[in-house]
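By letter and in written order, the chains are A, B, C and D; residue numbering begins at 1 in each of them.
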Amino acid sequence: MSILLDDKSAIVIQGITGKMGRFSARDLTAYGTRVVAGTAPGRGGLEVEGTPVFSSVAEAVAETGADSSLVYVPAPSALDAVLEALEAGIRLVVYPGDGLPVADAVEMRAAARARGAAFVGPNTPGLISPGKAKLGFMPSFCYRRGGIGVISRSGSLSYEVSHRLTQAGLGQSTVVGIGGDPVKGVNAAEAVAMFDADPETAAIVYLGEIGGGDEYDLARYAQGPGAKPVAALVVGLASPPGRKMGHAGALIGSRADSHAAKIAALRAASVAAAETVSELVPALRGLVGTG
Amino acid sequence: MTRPRGRAFYSPVLMLEYEGKRLLRSVGVRVPEGALVGAAAEVDGLSLSYPVAVKAQVRSGGRGKAGGVVRAEDAGAAKAAVARLMASAFDGERPASVLVEPWVAAERELYLSVTVDGGAGGFVVLVSPRGGVEIEGGAPPLRYDVGAPAAFRAHRLREILAAAEPDAAVREGVVRLARLLLRLAATRDCTTVEINPLFVLAEGALVAADAKIVRDEWAAFRDGEIAALIAEDRRHRPEAIRRCLEAGLMLVPLEGEIGLISGGAGMTMAAMDLIARAGGRPACFLDCSANPTPAGYRLSFDLLESDPGVKVILVSIFGGATQMERVARVMVDIVAARTARKPVVFRLNGTNAEEADETLKRHGLDNHATLEGAVAAAMALAGGGR
Amino acid sequence: MTRPRGRAFYSPVLMLEYEGKRLLRSVGVRVPEGALVGAAAEVDGLSLSYPVAVKAQVRSGGRGKAGGVVRAEDAGAAKAAVARLMASAFDGERPASVLVEPWVAAERELYLSVTVDGGAGGFVVLVSPRGGVEIEGGAPPLRYDVGAPAAFRAHRLREILAAAEPDAAVREGVVRLARLLLRLAATRDCTTVEINPLFVLAEGALVAADAKIVRDEWAAFRDGEIAALIAEDRRHRPEAIRRCLEAGLMLVPLEGEIGLISGGAGMTMAAMDLIARAGGRPACFLDCSANPTPAGYRLSFDLLESDPGVKVILVSIFGGATQMERVARVMVDIVAARTARKPVVFRLNGTNAEEADETLKRHGLDNHATLEGAVAAAMALAGGGR
Amino acid sequence: MSILLDDKSAIVIQGITGKMGRFSARDLTAYGTRVVAGTAPGRGGLEVEGTPVFSSVAEAVAETGADSSLVYVPAPSALDAVLEALEAGIRLVVYPGDGLPVADAVEMRAAARARGAAFVGPNTPGLISPGKAKLGFMPSFCYRRGGIGVISRSGSLSYEVSHRLTQAGLGQSTVVGIGGDPVKGVNAAEAVAMFDADPETAAIVYLGEIGGGDEYDLARYAQGPGAKPVAALVVGLASPPGRKMGHAGALIGSRADSHAAKIAALRAASVAAAETVSELVPALRGLVGTG
């Protein structure tokens, strides 16, 4: 098992004729992912990297049975593309783009929930269930199949940490980038619940940062009865308060947003909390041994 | 003309009080009828009934405690206050204008805001029966998790308020106002609309005595007012920062000796943290991931080369969609073309990392295998840690 | 200053072209970069590249056919066109200003609008691959029934367009634009946002060459721009009409001899129709139901007494929430106080009609049992039908 | 039978402490309507005209079983009040007020439909099922129980015509004011369908006007197989084009909006169409005899 994505997932890439769409069509297929369709309005009938292109997601679903979507369209069209996917019956929609108005992220999240579907994004590299399927643009060599479920608010940091896990022999069930914006689709609490229910996941690694409240949701989970072992990294130790560190969500506005407060809360909840990236693998080893 | 100058940090999409009040008034919120002046002499042109409040227009927090709001009993006092405030700085920020308003006699001060909140998956309404400058220290405000704007229900907010606000008329006023603020936030792409204090007048009316409105900078494509705020802000930023903003580079200038060029917010912070732990100080948060092009990287180098505090440049990138062999070629070109002497340390990894590694090596440049190794090397070149 | 003057009828919340274009631009729609002038001499102050379009700013329809848009090849021609247009009237309406814009070379002209539609239970998007002044005569536009704004789906509109618009790039541009216009309509309380013509340029870009935006006057409480449009419009209305508008009376002046004071839109039209069938002409549509007070009725009487064309006043009210015995007492007072000689005919019915009847009779006033009877009596007093 | 409202309907008046609320509490009860509750925020525990007042509709429903609501609040609060009623499980909501932003009417209509409830309004006197119950402020003496279903876009005109029907011995099953705004809750097509399904309704009278398309929906119904007899009045014969005649919807914008076009379309659909109010009862008599 794994969460959200596995080797049965059938992928449609919305915006497949663009640069990122073409790259992912090639890259995902190379990873063994079942990329069954692409869409590009008005360009149905083409092929991109051997993948058939349709004019609408509904057609793609009807013709190919696609159930998961990776959306590469500019921010002003993103809400429309995500709504199209959901209405066509897609169960997992990933929107990796950044620069999305938060009001549109709110609508995407609400629309996915109303349909009982999963939305991942915005501002994320996507997710990968190593050895099974990839739905995003993370570097494949960083990952290896195993029992660690990884949740990350940051893209590059998840590559870095996954690479360290892989090098340490600690494979991953699924690595999901939940994104750096304050309002997201699948959030930390929801991703944790999915990993909790996944038999293949033995322990959870959470990669957080200053700002926002996701880390407190994680602490709440870790405190509960029967929680799986959790290790966490919080970055932003050296970031001054009151300034947005790249991510819209990474801003120390109140005391609870700070690095120290989050580390303290996580430790109080028995999370193996790393203060820097160097400490994460050792912290996790303390929980799960050598994997 | 009316934007603040100075070196303080502030969000480009945080509206000044007078701009926020103008927006509030336009959606039906009652605000004092103020006038904006840029110099003491302009007070003579206003028809005012005294006393008035004279308020420095700055974005920095804590203006009230820092003396940025002055009560003036007559024209002479008002002029003196304007002159003094225009010559003052608040957290490093000099006001570009001063707002002069009738002094409103409040029975009570409340706090009301609508803001984006990840936990709510959208908007929350926050209300406190005690507003004013002491809001931060008091009990946490009442909280109504709305989520998507269409999910707002006046009767839910009413129930939440019932616990803490005994005056039914005030409750109803707050409910109506919250609806207006939420509509404003949703229709005009605001991430925060905060009224603190919200005055309750003797006759029960609610008046917004201050306004803190933050727009969503990513909505500039569909809101000209936001685009104008950003453009106006850029005009007043130091040149280096303006160029970075225009190029899509995320820059937060700090005051350290390690000039970090990085990719991705989390990864950038992770590198900054390692620098700090090694006893160093990063010179900046500089995330190039939104513009991983030769021009973007060249601009980053220019910025750090010209900063006299920077002793070493550390390039740390772990690319996913960014093809690292291309980044390596860009780095080779930049290094070959530069005349400055500041040492450069590389740690490139990610998609096509092996080719990147080879490219650097072929041109005599080291590529560190780990972030820790790269940070240690940079620290050594900068002259060691603490 | 910039509102049209004259006697033509127009909606107070229909924005002039330049106002509409400013609003369109603010939400990200491309429009020509025009300038507004009020006199020929002002053309000298503009930096223009010729040819330009010189466009009278009026609300009346059919401006293009009536010569309200002039192409000018140089400054002299532009000045002459401004002078001529400022001196012209369009359907009785004199322009208060003239818009001067670069002349845009269109490959094609489309039609695009978002408008409120009862059948759709909300908004519809209308698109025609052939726009311009001839839109009314051509095939009906493609229609996408959206309903509530949240129900908009770009892919549905795309499907609808596929049937009639062969150019995929144009289709995508129209879909994006429709989304922006719908957002504008929903967030800024517009009942119609129409672009006709919508120019397709050679490189495929879409430019709004005209703009017709109608706001929702009932949303003035939450939109200061709408409140300002209404206030500005009132300033330019004849005094009598302004007073009615301010009092909440619904007045449409006509040119007849039967001065009808009525309540309820349908009932007022029903009475007008009976007057017309009897060979008479109503002097107005005047619905007092929103302000059934002594002041409202007195104003109505004043209006009709002072109109020299009115020969008889017919008061026809069938009240529900309006208590008719109170109306009767008001009528008795008004009749007792008036000095004018115009005859008055009453037909009051509805809630507490019997008491109303008695009140009128006690003061020597007739109350007609039927509308037909009242109309016949009024016609007789006015000097008969045709 | 009747439509929407009958003697089992249990009414809550929202805003019962206001002038119109008090009037209707008295007036509806006098008509024999089961007014079981009123609401006024923060004023639960009061009584108005013998009716208990609650602070919320949910409380009123829980305590009294109210299923239908008459909403008297100002336009800026109307959407909130209607949403409150719908969320509390009210099945029929009447908002009589005028001056409502059309965007809010759109939301009210959508919200009612999403819950399978009926919304009547805005800008309407409400509805009455004569001899059973009244949910609005029409003058009671105008009505008498019978088999004519009446639909009206205009308030006063519906009193006038109902009075004429009653005087002519033609009683009514239900008289519903659908309102004069372009976007409404129950519209002409929906009201007609309800009357069609109502065994007590033998014939339908429709009171329309210039502008809008409701009359064409009516014609479509009348043309269909098994339609009940329909008589209609269209007012606005003497109204000039391009001007809004009081009602937001009453404006001749295109040829189809005109009096002549509507009369012609109705007649072509075998509707007994009256050109003036004087002709309506005779036209109806032609269809149903002396009632």
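Throughout what follows, a residue touches a chain if its C-beta (ideal position, glycine included) is under 8 Å from a C-beta of that chain, and two chains touch if they have at least 3 such contacts.
Note that the structure is a prediction, hence the values are computed from the model and not measured.
Between the CA-based centres of chain A and chain C the separation comes to 52 Å, rounded to the whole angstrom. Taking each chain's centre as the average of its CA atoms, chain A and chain B sit 26 Å apart.
Between chain B and chain C, the centres computed from C-alpha atoms are 44 Å apart.
Across the assembly, chain B contributes residues 28, 150, 186, 221-222 that each touch 2 or more other chains.
Multi-chain contact residues of chain D (touching two or more other chains): 76, 107. Under the stated contact rule, the graph of chain-to-chain touches falls outside the line, ring, star and complete shapes. Contact between chains, as defined at the top, is found for A-B, A-C, B-C, B-D, C-D. Of all residues in chain A, only 20, 23, 75-76, 98-103, 106-107, 109-110, 113, 125, 136-139, 141, 152-160, 163, 180, 182-184, 187, 207, 209-210, 212-214, 217, 233, 235-240, 242-247, 249-250, 275-278 touch chain B in the complex they form. On chain C, the positions that touch chain A within their shared complex are 28, 150, 153-155, 158-159, 162, 168-169, 171-172, 175-176, 179. Across the interface of their complex, chain A is touched by residues 9, 11, 61, 116-119, 121-123, 147-151, 186, 189, 191, 216, 218-219, 221-222, 250, 252, 254, 263-270, 272-277, 282, 285, 287, 289-290, 317-321, 349-351, 353, 371-372 of chain B. The touching residues of chain C, when paired with chain B in their complex, are 25-28, 150, 180, 183, 186-188, 221-225.
Chain A makes touch with chain C in their complex at residues 41-43, 55-58, 76-77, 80-81, 83-84, 87, 107.
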